[in-house]
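So that you can tell them apart, the chains are marked A, B, C and D in the order they are listed, and the count of residues begins at 1 in each.
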Amino acid sequence: MIVQMNHNASPADVAMVRKKAEEMSMSLVDFSDEITLRLVLPGKHDPYLAREFAELRGVNDVVATAHGHCLTHRAANPAGTIIDVRGNIFGGDLPVVIAGPCAVESYDQMMQTAVALSELGISILRGGAFKPRTSPYDFQGLGEEALRILERVRAETGMAFITEATGVGCFDAVESAADIVQIGARNMQNVELLKRAGRSHRPILLKRHFSATIDEFLHAAEYVMAEGNRNVILCERGIRSFVDHARFTLDVALIPALQARTHLPILVDPSHAAGDRRLVIPLARAALAADADGLIVEAHPCPNESACDARQALNFDDLEVLMREIEYPPFMTTAALAAEVPA
Amino acid sequence: MIVQMNHNASPADVAMVRKKAEEMSMSLVDFSDEITLRLVLPGKHDPYLAREFAELRGVNDVVATAHGHCLTHRAANPAGTIIDVRGNIFGGDLPVVIAGPCAVESYDQMMQTAVALSELGISILRGGAFKPRTSPYDFQGLGEEALRILERVRAETGMAFITEATGVGCFDAVESAADIVQIGARNMQNVELLKRAGRSHRPILLKRHFSATIDEFLHAAEYVMAEGNRNVILCERGIRSFVDHARFTLDVALIPALQARTHLPILVDPSHAAGDRRLVIPLARAALAADADGLIVEAHPCPNESACDARQALNFDDLEVLMREIEYPPFMTTAALAAEVPA
Amino acid sequence: MIVQMNHNASPADVAMVRKKAEEMSMSLVDFSDEITLRLVLPGKHDPYLAREFAELRGVNDVVATAHGHCLTHRAANPAGTIIDVRGNIFGGDLPVVIAGPCAVESYDQMMQTAVALSELGISILRGGAFKPRTSPYDFQGLGEEALRILERVRAETGMAFITEATGVGCFDAVESAADIVQIGARNMQNVELLKRAGRSHRPILLKRHFSATIDEFLHAAEYVMAEGNRNVILCERGIRSFVDHARFTLDVALIPALQARTHLPILVDPSHAAGDRRLVIPLARAALAADADGLIVEAHPCPNESACDARQALNFDDLEVLMREIEYPPFMTTAALAAEVPA
Amino acid sequence: MIVQMNHNASPADVAMVRKKAEEMSMSLVDFSDEITLRLVLPGKHDPYLAREFAELRGVNDVVATAHGHCLTHRAANPAGTIIDVRGNIFGGDLPVVIAGPCAVESYDQMMQTAVALSELGISILRGGAFKPRTSPYDFQGLGEEALRILERVRAETGMAFITEATGVGCFDAVESAADIVQIGARNMQNVELLKRAGRSHRPILLKRHFSATIDEFLHAAEYVMAEGNRNVILCERGIRSFVDHARFTLDVALIPALQARTHLPILVDPSHAAGDRRLVIPLARAALAADADGLIVEAHPCPNESACDARQALNFDDLEVLMREIEYPPFMTTAALAAEVPA
């Protein structure tokens, strides 16, 4: 449940709430913002207990939260969570675009990509170091070497980067290198990994499993948050259905449905949803039109030579089309933005 | 297969193609436009026969078409089919919006709706006369009486209207009254009804069954076209999946996938996809951002008193929001926006 | 709702119930069996009205039935509906097997099939006369000619037969010829056809649409029963899912789920579920192990020359294996059974 | 690919094959049985290389195996893999039944269960020690304490036990205690866990994710086998579909489809598929009728007091019914039944 204090609640009032929580052996997470004091008590909702809290001095309201959906609940942070990654604002007014290849293959490939993205106003690079492939005989990524490449590219271009931690075994390495740690769709219910991510100081991009309900998705985010990490970015990447004209079915309705239920930013990955580069741009436009907070897109200097997912990566010309069609890159310099606003 | 003639092909050349088709007992449909002479031979593709046609004088190319996907094939009308319904252009540059209640309940309800829509710039009304309800004990629509109401509203307001023919039994009545005849999702593979629609002089709005593949959907449209009716408008309304935050899952990727394969206009019904009015507007925006040719939306003067589908109908204030939001899609350039505003 | 009378209720008591139903303009269907007087009032359940009926003299109980699920409700006929088709008992102790080709192609093909089936103890033949094909350019069946072939084979062999009515247009012809009229999966929500079937004197085999919920399936059966036809046989034939090792996914759990909710017999079509003859026999065994009332199986003298669905039809050797594995054909004469038991 | 040697191949011939594999830096796994020398070279199939192996002396045949499906391939062990767990034979002629509660709650609960199962002839106990719950606030299992309880019950009753390793973190503990280590459906693509399981000396029961294709499922098993563990038992537990009369949809066709493609034993979990105890027994019967190698069933002394999944656990009376019903499957011939009963 979520305890909202009155605007004039005194520190003593807040201390009383904390004391009561302690007496009940409940953990308590402070979600106050500049306007409202807000204390979240994760766990099962208990109407009897809720009443007791409601009767404490200085308490304005106690919001019941569905089981397992507390820290992620919209009411914990009604204004929406904002996550700043080297100046890129997730959950702000403008969408963020992340782009790059499925897998890091070489320094040249990544440097070439970083330069191209910069020119398009994109300042977060994606690239797999550890790849969770379906078959044990597929290319599994360059691992630590890829992390070094990404770090070098960041040092030389200023681009932030995101890469996936495929398990607790490689989490430390990924965490110490990357600006954002990705948890892949197939690991969305790898509880051990979710808990480790919850103890990280890095923002986590959590992809929805292609067969997860909205509840299961939010529960996975709750696992991360319950360990203390508040910086979770959700990402929809298509569901598995009977449809055969796309690799997965982008679930656009998830965007407004999530916005109603959680304060976390929501990205969309149109590339994995489509599995076919001809569908990527329309899906990207649809995602932003449905109010997604940004995109994560596969792009490669030469998609047909890509080590994986060749069919869905955009080349840089296509990526330029995409950027033009979605129009206002949030990553534009203040000067560029100023130039756009009519005097 | 599709026989494309040279630009300088003579009438005698065309006659030769027709003669050959006749000899082979193949029907032949003329899809020529102002630029290109184009003759479609529906049915199975036969590479041997294709070669014979290709060798005739004046033939430029013979396009192989997948089985059962000939008259609907993009190559039959590369520029895209345009259908004009009382001045509303389906398949043109601007999207068309159709709105109205699930079911016609009374003259007052429809008149009130028509007036509200007119003020928002909508000029096609929807309203069910015959309702294909899941249960035999649900309200089945006012039937012929509803058609009379719709005709009266059209006469008084100039609004065109679309209504569903739920079977061959009521087709004549619907056809003689409505401007567009709808075939509902649950009847998408009712072959008898598709054939009857193919012999109609009215445009047909064909809804995709919620479990139909793109092939099955196009085959259903092909059934209609094979009987002679070229004016088919396709409509995506969500697929059935495991998802529980929306009644159906809007398959946005179907829009570009269809555009690549067929010349027919594509509408989207965000209301049935959502099953929840809070999701309708984001889905409508997403559909247009993915380049749909228009929307068909449920709207009701007082949704909570609606005879059916109460949860998904917009009231007129919501509809106004929708219209405002889709008029200024976020991806439009400032120039485009400026050009759109009348001086 | 379902009004159950006391065992000693008098004719006057029953008349009172009828009179009350009449006053309320409710239709009333008599589902009494030798043991219990039972009157079903189809339509929405009304607790207030239920109480009024419950208070009438001679009334033992009033069972609330979910909306649209009255005549099909288990409580309307707790012992289960039994349908006798020329001595084949659907819903009895032993399963019924129906077999034959997808489509009737010739007299020879059907005669050959009928002879082979007879030798295996099967006495109901299936064969499509009117075929509801996905594409307009596929073979649509021999139509009336096929009905004449089936009648001739019946006259010569004594085999009953089932064939599909693909619409109201061919219903009369099918009904006058066939012993059982089939409604195909794709027409499960063709309300016009369901209503026509409800006015038929023939038993109806109603296939579940591959994306229908159990409620939708029972509502479709209710449409048939609401028009007066009590002889409805339900048939599960697989659902559409993401699975790619079979054409559809046989929903075995539907069998016990239906048995709990309805009194109608339940068949299974393992052939369309599998779409692959190698899976047909295991699915057939599973269906009967889950207590299905019988099977409808595709079999063809020479499957690879079959006009349609060639991949899933069994040849007669395979069919013999199937019959041996499921062991006790219900349609066998006592003599035949005796002959099978080793002395 | 799989290299099959001639029956009279000499040790020198085999050495040559091994040498060639070494030269190509390919790993090679010996799958020979008493009859045939069979060497599996995991990884991508290369027709050119296959020819080279085929030309070596003593080589009978080289079987191409689809990418990522080598060690699991039926041809690697055509007779089928047999796994013996304390005398319980997985993959043998008779099905194995595993039963027990969702979670270990106490010594008494487990002891009571073990005694009841023993009386029914069941000798493998299941019980969750570490529970991978959807929500972080749900009961997560007794952990190590549960392992101690299971060990004590094993010591006192002789029952083997299986329990789940929910991550690499608890794998060592589970492995050292349990007779079989389970990998749950949600971890089916947790590659780190699969690899750890591949280095275990314990048999692994690998559950199919509820949205995994047959290829993905076999690839997961291949991950385990590629690390050296050959004792993998597959387990189908239902797929996620639109169906709402059961929690998941048991995919019976997977059983014969897997049998055609892999030599690994296949169990079925009817309890998680059903999510409703009334459906468990029919699903269990269906699974065995489709030739599953056994069942894993939830059973609890008092299901309604169960710490989790209360709705689907059988009580011991129900379990007795299940055991009785599967002992005499209806499709068994009288002769077979007679043969089964010890004189």
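We adopt the following convention: contacts are C-beta pairs under 8 Å (C-beta built on N, C-alpha and C of every residue); 3 or more make two chains touch, one makes a residue touch a chain.
The shown structure was predicted, so the numbers you read here are calculated from the model rather than taken from an experiment.
Using the mean of the Cα atoms as each chain's centre, the chain most removed from chain C is A. Set side by side, the interfaces B-C and B-D show unequal numbers of C-beta pairs in contact, with more at B-C.
As a whole-number value, the distance joining the C-alpha centres of chain A and chain C reads 51 Å. Between the CA-based centres of chain B and chain C the separation comes to 35 Å, rounded to the whole angstrom.
The mean-CA centres of chain B and chain D are about 50 angstrom from one another, to the nearest whole unit. Shown for chain B are the residues that touch two or more other chains, namely 211, 240-242. Taken together, the chain D residues at the contact with chain A in this complex read 42-44, 67-70, 132-138, 166-169, 186-187, 189-193, 209-211, 215-216, 219, 222-223, 226, 240. Those residues of chain B whose C-beta lies close enough to touch chain A in the complex are 211, 213-214, 239, 241-246, 249-257, 260, 273-274, 278-279, 282-283, 285-291, 329-334. Remark: chain A residues 240-242 touch chain C in the complex.
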